[in-house]
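Could you have a look at this structure, given as structure tokens, before my questions?
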Amino acid sequence: MVEKSINYPGIFDEIAAKLPGIANHGQVASYIPELANVDPDKFGMHLINYQGEHFSLGASDEKFSIQSIAKVLALTLAYSAEEETLWQRVGVEPSGNPFNSLVQLEYEQGIPRNPFINAGALLVSDILVSHLKAPKEDLLAFTRKLCGREDIHFNAKVAESEKRTSYNNAALINLMKSYGNIKNDIDVVLDFYFNLCSIEMTCRELAQSFAFLANYGVNPLNNEQVVSASKAKRINAIMQLCGFYDEAGEFSFKVGLPGKSGVGGGVIAVYPGKFSIALWSPKLNSKGNSYKAIEVLEFLTTKTQLSIF
Amino acid sequence: MVEKSINYPGIFDEIAAKLPGIANHGQVASYIPELANVDPDKFGMHLINYQGEHFSLGASDEKFSIQSIAKVLALTLAYSAEEETLWQRVGVEPSGNPFNSLVQLEYEQGIPRNPFINAGALLVSDILVSHLKAPKEDLLAFTRKLCGREDIHFNAKVAESEKRTSYNNAALINLMKSYGNIKNDIDVVLDFYFNLCSIEMTCRELAQSFAFLANYGVNPLNNEQVVSASKAKRINAIMQLCGFYDEAGEFSFKVGLPGKSGVGGGVIAVYPGKFSIALWSPKLNSKGNSYKAIEVLEFLTTKTQLSIF
Amino acid sequence: MVEKSINYPGIFDEIAAKLPGIANHGQVASYIPELANVDPDKFGMHLINYQGEHFSLGASDEKFSIQSIAKVLALTLAYSAEEETLWQRVGVEPSGNPFNSLVQLEYEQGIPRNPFINAGALLVSDILVSHLKAPKEDLLAFTRKLCGREDIHFNAKVAESEKRTSYNNAALINLMKSYGNIKNDIDVVLDFYFNLCSIEMTCRELAQSFAFLANYGVNPLNNEQVVSASKAKRINAIMQLCGFYDEAGEFSFKVGLPGKSGVGGGVIAVYPGKFSIALWSPKLNSKGNSYKAIEVLEFLTTKTQLSIF
Amino acid sequence: MVEKSINYPGIFDEIAAKLPGIANHGQVASYIPELANVDPDKFGMHLINYQGEHFSLGASDEKFSIQSIAKVLALTLAYSAEEETLWQRVGVEPSGNPFNSLVQLEYEQGIPRNPFINAGALLVSDILVSHLKAPKEDLLAFTRKLCGREDIHFNAKVAESEKRTSYNNAALINLMKSYGNIKNDIDVVLDFYFNLCSIEMTCRELAQSFAFLANYGVNPLNNEQVVSASKAKRINAIMQLCGFYDEAGEFSFKVGLPGKSGVGGGVIAVYPGKFSIALWSPKLNSKGNSYKAIEVLEFLTTKTQLSIF
């Protein structure tokens, strides 16, 4: 068996050459105007390896709505706060169903299948509202420290638009409340949740924020242990199995890295011990994941055999 | 970020010391006499690393019924025969349901969710019956070559017992046939399937048979490319997401390696680029996976941070 | 084939003699204090036949919370307002599931299976909020006219308690809103719905209110056509198939009359062309229907062959 | 309230005049050649009232495949044999799902929802195989006596064709067997079931066979009590709630009589105390019930208010 070595600049050059030929299929998310109005042809990617080298392509320094990717940050905070008792209130199994399914939640009596389906992220939000003194500010402070940048904010318009259209999330949280699995006031939790999903970042900031998951829990910027190595492993495992809704298998199969997507077109992926990478391309495939970001990641891992598998 | 190195002998010594203190909870599979009569206290494990070193503990040279673990071997053969068209007839997504669920199969109109739930393995069996001249003999020959041992056989009594009790598999295959997704005679496919699940191996043979999946598709015994590196990656990804029925998330979360279990109490896991490991302990947890084998693997990967994540 | 004749006084005497020997199994509804505090041993029944004769037993003149029985009155009003277009927004099929199931509602994309499951009654409420000038007052006026009594009111405490505990209904209506099948403000519809379910009546008033459904749509008190004979037939058919949640088959099987129950322990049943009958006994069986009321009705229809079947 | 009287000859004249104007939508069942080759424009109807008068229209003396209608006859026999213990092995609730759904059967652990979905009829067949000395012959003898005609037979070609295509029924019975709810050999039960569904009758024979259900359990031809009045009521109740698959609500709503359909295009309906009526028109609506037969029945009951409701 042979250890793999990675020629990062060469790979980025190859991808840069390849990019114009990769189709940009799919549809930009249209359920709120702030997402619908994004330029569908935007593309950015940024990789940080374990030596601390940075590689980027395209609009890697442009802010976009990271949406559900922020659920991983919320999970990290909640896991630190609750330790292993967290798993009494939310599972770690793939859902096998669309991300906003009430069916499973009802069948399993208000215990969300995992922290990345909407119900699970609402549950995690409830936990943070219980634990944090100033939940929204504390979340921003945590995120800023992870990526070493002060310039991380919620987008109030996005949060507001989500709130106006999100009857399905209201259904989910009410159902969990009916089973006693939501402890705080529903409106407070929903407000936190919609702000969480409205965070904006660049690919560079995103890759930096997730570097601790590629580094056994240690933030490489300041060598602080964000979470234990065991917790980092477990968060990665959950991303691997649940990070792409009902396309988790397809993503694992094609890309072979733990990762998470958002309907803003962002994708984060980490290779433990090697690198973290963020991509952004707004058009989504039928499962709600960025079409082009996944294509590029598949090319990256297949051509270069850069996969955990 | 730091590269990990592994002290295999030290880990095995530590596990050996730890073993007497690990509880042996659960129940031996009892639906056929051949499994019910196995000594519940048997334990074996065998690891082969990329340098070709072997490490073992307990009854690692005793044959046991590998059961569903053989589905990975069948998938490997079928994937080679059908290439990517295989995925038109079987999916790669976790099931989110028990391994023998008809519900999902009906909901998805006869396309099994993945190749490791029973329906998926029956579908793979149908493909092999279509492709192989002498399906049962060819499967044995393939397995023997993988592990470099001639002494690999079906257990006719096990196959016969399975056949007598397996109304659920008959339901599954009839349902798929009703959707046109089974091409061969039902009895022929079932006969192949029941034989597939009756293969007997030792931990050593099992670890050797799966070494190609830890070695980017190459059989380290003879340096033959069993499947391409890309296919090996994909088979590992499917094991990661679907290898432990509705406990796949739990196994990933705890152990963090792609693997597969069988109701005979066997578990195989691979760390691509590093090692393959087989364990055997007959008592099963409530999800049908070996209780003790998973405990030991979790200890191995958590203590030593030997995980792909 | 022989026409049946009915000796009402004889039947009531027989039931009166039988009553002490009929067990009073089950549990009083306990999710709100107003229901939990009702005397569990209360029993009343009242029958009005097509000659306008009245027969009663027990606490037939005592008010109780008719709860879901009021859904039939709401349906009658909505059906009159919308005519057959009503059925584009709500179905007429039995649910095959508990009355508050989100599963089916999601599977069928926000179209409730029938008007008597909670989702369906919320939908009917939305229609009435659209059509009526003063929805709550108009509903009371309609009900008062049906039973010829001014003394019909909502119970504000009950409505308030329901509102405080009813996260499941909030989940249902939000889900329907997410599918675009709720037109009005959610809080307004919920307020109407909780008031609807808080109506209090006596058995006598209830039997009188439903007499038009036993009389081909004509209110026997004033000979007004409340709904057409065809609509009355259809409302009865829906009661027959959907009036007892997932015990509709059992109720039809045992009692053989169209009817509707409420968690307050009330049951209404009609025999078209013959009579309407209301019963009240607060203890509920495991399906949420009055245990004793159904026992007595079964005795009535089985012994005397008073069934539509 | 007013007693209804029926002018049968007048109604039949009106229907005869109306018939040419009633569309003949839908598709003839095509899964076996024997059904596919039937003339799609055939139409027959036959009514027998409680005075023993006969009224007919069209091809009322032509044999057709009664298919699932025969399930009512099988249920009648099984109910007589098992009495109320029958309901421990099969339910009486509407399915809320297509007639051949495995989902519900698995969810409810091998207990079919009711005797008229395929699983339920297979279960009833199993019971008859247990109870009858010569199941197929005894079933024919029972049916012949009901309609007073010797000329009632299975169609061997139909039974054979069903057997060749019916993987779904094989799935259902294997699933029930896996739950221990099938006692006899699967092939024997399936053979009985396929013969049961192959019975051929004319509308006249069919109406006569079901007259006992319109006559409180008494066969009007010979005044024999086929089943008790209570059992007749219960069978009618089950027909009302479960006789038209997932269109039971729609049929009750439109027609308002207990009835049963078959994919051969036959429909039987009974008005207890008044009449039994059989119709035949081969083209089926999307739910698998005869389009034209239901239209005509709806006209009959709506125009003349001939409904139990």
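The letters A, B, C and D name the chains in turn, as written, and every chain counts its residues from 1.
Heads up, the rule we're going with is that a contact is a pair of C-beta atoms (placed from the backbone, for glycine too) under 8 Å apart; a residue touches a chain by one contact, two chains touch by 3 or more.
None of the values given here were measured: they were computed from a predicted structure.
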Distance-maximising chain from subunit A - centres being C-alpha averages: D
Distance from the mean Cα position of subunit C to that of subunit A, given in whole angstrom: 48
For subunit A paired with subunit B, centre-to-centre distance based on mean C-alpha positions, whole Å: 31
Centre-to-centre distance between subunit D and subunit A (centres being mean Cα positions), rounded to whole Å: 55
Shared interface positions of subunit C, touching two or more other chains: none
Chain-chain contacts as defined at top: A-B, A-C, B-D, C-D
Subunit A - residues contacting subunit C, complex: 101-103, 105-107, 166-168, 170-172, 174-175, 177-178, 186
Sites on subunit C touched by subunit D in the complex: 1-4, 49-51, 91-97, 104, 113-114, 214-216, 220, 229-230, 232-234, 236-238, 240-242, 246-250, 252-254, 256, 258, 272-274, 301-302, 305, 307-309
